[in-house]
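Next, two complexes with chain A in common: one pairs it with chain B, the other with chain C.
Then we have the complex of A and B:
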């Protein structure tokens, strides 16, 4: 377990990267522009790649370098590019109607972080990890989950929902780098590919939605009830 | 060795069918190559439980394992795949979309492949990926008819299920983390490794991880309240796809819940996880009952019935014990057969009357005496009435509940099942015996549509009377394996 006896410097770098990723999630939450989502998501992925490199270097997990490269290529460049292509073909480039204003969503997001911290501190306390970077990693992981779900529920543009899903996955990925750096590489690579396929599927579906339903907003999806 | 070859054929046959469909670009070649592949898959899947009963075996460096549970669910999937491919030949021709059928059958075969693959995966992480792949492939099958409704259903399906299943990924990572305290930073995430390490894992971490996995895979299983995608996706996809989604896919996701539940057993966490699964099961039954009574769409009626039956299976696994688990496994097979029959019947009625509304389907037996007899038998069977196999499996699950001190849940289950019995059959009374409003003449049906319904009904009657001893012993073996709590 590498998080138990970290030197202060490494511990600070981990914390810095994790907190910066969390802040970028708030950037997404606080904006209405689809392009902002993509830039923030890409930056977040680069930070996670940085985290992989740090963990790899400090904890002696050389395979994490490869994971870092793949993270940059897939999550940092390819996925945002694919989503950007979908945005460019669409008619709207920002959230027209919002259910919860960006400022209010920031407050709800902050409450989500507090909740995540309580859960993480509770679990960490049971594991004898109180005060280590593991708590922070767990907090960031759970809060990115909650914020991703918040995005899915209060934003209705198809792209916002795709970005919400990507945040969900990013959270897990970030936490996994710190908590389980030894997770078999095969799994991480397959999950990366899987995400790529998922985004490709979303792209096709968004196009179908636009052509058959005439809108890419989930406000237009109200035919099936009961 | 033979089991390895059979598994290999299970993978190759659907792949070959998919490539034939795409290369030939001919609807007839596509439908028959898919049908042939499904026949081969069924022939290979039948012996698998017997082989697994002799002892579980691993393949491909331990990534694939043939154990009792996996082999049984593969068999259920193969049966549905065969019946659905048979039915699809007649049904898909009625859609008049011959030029897109090769694509359909290619996707259909690959969907079957991913669904067959998931239960035998021996690695919690790869299992997650297999389940995610089933979603990605089947989304396009749900969207096949390209109407606004089917697009909406497909979008809701992929969104809700992907979001839900990402919780299962988090849960899997946490399980891995719990394991690192026991097994060191790097180990292989097999079900066996987790189960072996479970007694020394931290119980609160295991509980958190299990709950995340339960909600995640529960979304895919369609347990209430994560079920919202299910009625839409099942009602808007073509009938053979609905049958596959309901009869095959839901079981494949249930396998994950059963396996993670057995890990919590081994972690000496017996009460809370079982209780939570029982509550989700009862919730699904309650929701199914409410929506079945007031349902207006014929395929949505079947979809809510799937939610109900997944609730019953969840109750079986939640009760645990030999009766609970054996009943749940038996119910999986019975539900797969019966729900295929019901969706086939609903698809036929929908096509011949040109409407998805129950109110538009009238005087069914007068127009289609044979199909009506089969469909009505299926309806009586799926509500759990005696002589049919579902009565037996639900009865065994209830007995399991009493044996494990869940009698309150059994009483609640009985009440919901009675409500569903009345509500479900009332819709059939309306469709079968209420006089028609106008003099509308419904379109004809081909024999390709009727024979698979009969094929599904025969085993339901036989298994209702006679539960072979080898199957009972086989279930007992699986139950012993899943219950293997640390002593």
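Then we have the complex of A and C:
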């Protein structure tokens, strides 16, 4: 496994990129403006692309360069643009009803990171990976997943939920880059198109919500309509 | 030995003498960024001079705390520079009498006395200022403690000199997320402690005041002491931020006179850099109403937690 013997500076760069993307996730969690979500998501995807390039350069996986380009094009530009088009057409540009205020959700998110750290330390300890950057990758992956779930559960706007889903998926992708860098190319492409389909479906759903319920908040979906 | 004592004295004198300059530079930058002329970088010196030549007016309700607070605050700020690397990167006499926590304790003692003084004379605005300052302080303190824990876990020591040497010696530690998050968390604390959070207003009205509200009852030389103490506190926090965390280079290694002078100049250079960033943040970020004070502090808390997690991951 590539992560087991890295020079200290490279492992610092790895952890920096990983934690910076975790930080951008927190930017999303701590904001209520839909535009901020998209900028932070795009920046996060660029960072993950940088991570792919670094892993590719140090671990000799040339196909990772192509994956980095795909990541930038799809996750860094195309997906945020598509979601931004949905945002532009809709009436609200920030989260109106929140279950948890942004500052409180930041603290809950910090707790999620601590939980992820404990789980990752246990898993890594059993796999004999203690003290390597793999633990960090696992932590970041798990906490991004948890924060994605948090976004899905505490936000009402349909856009926030798309973004939550995208974060969740970004987390898995980031973890996979570091933990199993030789993941087959085809699988990555399949996941990317999966995401495109998901965003397209959400676009249709949002337009449907806006035209029939009159709002894009899932608050309006409480009533059963025959 | 004599040389070391002289160096230690020059550290304290540098803080006393240069702290109004730092304040002046920041204020001048801010005015210039907002397209005003600005009072010039030496204005704080002139202000202090003017205040020291004024009469003292004491409220009837004041007790001994009113008299003690400025002196205690000023003395605390004279004590902290002994503990931290201001000019030299090696410990000087008495530097080992307190670690980072000790320095934090003395800094907080100064603010605590000013807080009591705000409540002491019974004025309405003093009370408002003190209670607001405590509200912000309650959230800033846990973060400060977490930052200290993070520094301790990073360097395996609680002495600022050790942290400085570690960061200079190893770029891998410098660029590790643990360290960079400590820098970010401390930056928010720096803004909090020097009254530059988005909730702080630069409109000089009693209703908006937070830390200034506490010293409204003071006048003349006592007010000058308090203002000077707060400038010194700002200087000390900037010093810790630059020399211990952000830019650990450019300190005197041998302790020669020329080297010490050069490191004092370098210190001003570093402060100008940090001051630019502070002014940029303050100008670019829009004002928030007071009751959103938790948001920047929650972010800072988060940075500190992330940094501690980073230390646990890198070298466990």
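Please note the rule applied: the second predicted complex is superposed on the first by the 223 of 226 C-alpha atoms of A that agree within 3 Å, B and C clash if a C-alpha of one lies under 4 Å from a C-alpha of the other, contacts with A are read in each partner's own complex, and residues count from 1 in each chain.
The rule is simple: contacts are C-beta pairs under 8 Å (C-beta built on N, C-alpha and C of every residue); 3 or more make two chains touch, one makes a residue touch a chain.
Just so it is clear, the structure is predicted and the values come from calculations on it, not from any experiment.
A.B. asks: Do chain B and chain C fit side by side on chain A in the superposed arrangement, or is it a clash?
C.D. replies: fit
A.B. asks: Compare chain B and chain C by how many residues of chain A each one touches, and report the one with more.
C.D. replies: B
A.B. asks: Between chain B (first) and chain C (second), which does A:12 come into contact with in this model arrangement: first, second, both, or neither?
C.D. replies: After superposing on A, A:12 lies in contact with chain C but is clear of chain B.
A.B. asks: Looking at the overlay, does A:145 come into contact with chain B only (first), chain C only (second), both, or neither?
C.D. replies: A:145 sits against chain B, while chain C stays out of touch.
A.B. asks: Quick check for you: in the superposed arrangement, does A:117 touch first (chain B), second (chain C), both or neither?
C.D. replies: It touches chain C, and chain B stays clear.
A.B. asks: Between the C-alpha centres of chain B and chain C, what angle is subtended at chain A's, in steps of 10°?
C.D. replies: Computed angle, apex chain A: 150 degrees.
A.B. asks: Touching A:191, do we find chain B (first), chain C (second), both, or neither?
C.D. replies: It touches chain B, and chain C stays clear.
A.B. asks: Quick check for you: in the superposed arrangement, does A:130 touch first (chain B), second (chain C), both or neither?
C.D. replies: After superposition on chain A, A:130 lies in contact with chain C alone.
A.B. asks: So, A:108: does it touch chain B (first), chain C (second), both, or neither?
C.D. replies: Touch partners of A:108: none, neither chain B nor chain C.
A.B. asks: Name the contact category of A:66: first (chain B only), second (chain C only), both, or neither.
C.D. replies: Neither: A:66 stays clear of chain B and chain C.
A.B. asks: Taking the superposition as given, does A:182 touch the first partner, chain B, the second, chain C, both, or neither?
C.D. replies: First partner only, chain B.
A.B. asks: After superposing the two complexes on chain A, what is the shortest C-alpha distance between chain B and chain C, in Å?
C.D. replies: Between chain B and chain C, the minimum C-alpha distance equals 19 Å.
A.B. asks: Any idea which chain C residues touch chain A in the complex?
C.D. replies: Spelled out, the residues of chain C in touch with chain A are 170-173, 175-177, 180-181, 294-295, 298-299, 301-302, 305-306, 309-310, 312-316.
A.B. asks: Which residues, counting only chain B, touch chain A once they are in their complex?
C.D. replies: Residues of chain B touching chain A: 123, 125-126, 129, 132-133, 136, 139-140, 143, 146-149, 151-156, 158-159, 162-163, 166-167, 169-170, 173, 176-177, 180-181, 184-189, 202, 204-205, 208, 231-232, 235-236, 291, 294-297, 300.
A.B. asks: Mind listing the chain A positions that touch chain C in their complex?
C.D. replies: Those residues of chain A that touch chain C are 8-9, 11-13, 15-16, 18-20, 22-23, 26, 30, 102-104, 106-107, 109-110, 113-114, 117, 121, 130-131, 133, 135-136, 139.
A.B. asks: Using the touch definition from the top, list the residues of chain A that touch chain B in their complex.
C.D. replies: Going by the criterion above, the answer is residues 1-2, 59, 119, 122-123, 126-127, 141, 145, 148-149, 152, 158, 161, 164-165, 168-169, 171-172, 175-176, 179-184, 187, 190-191, 194, 197-198, 201-202, 204-205, 208-209, 212-214, 218, 221, 223-224, 226.
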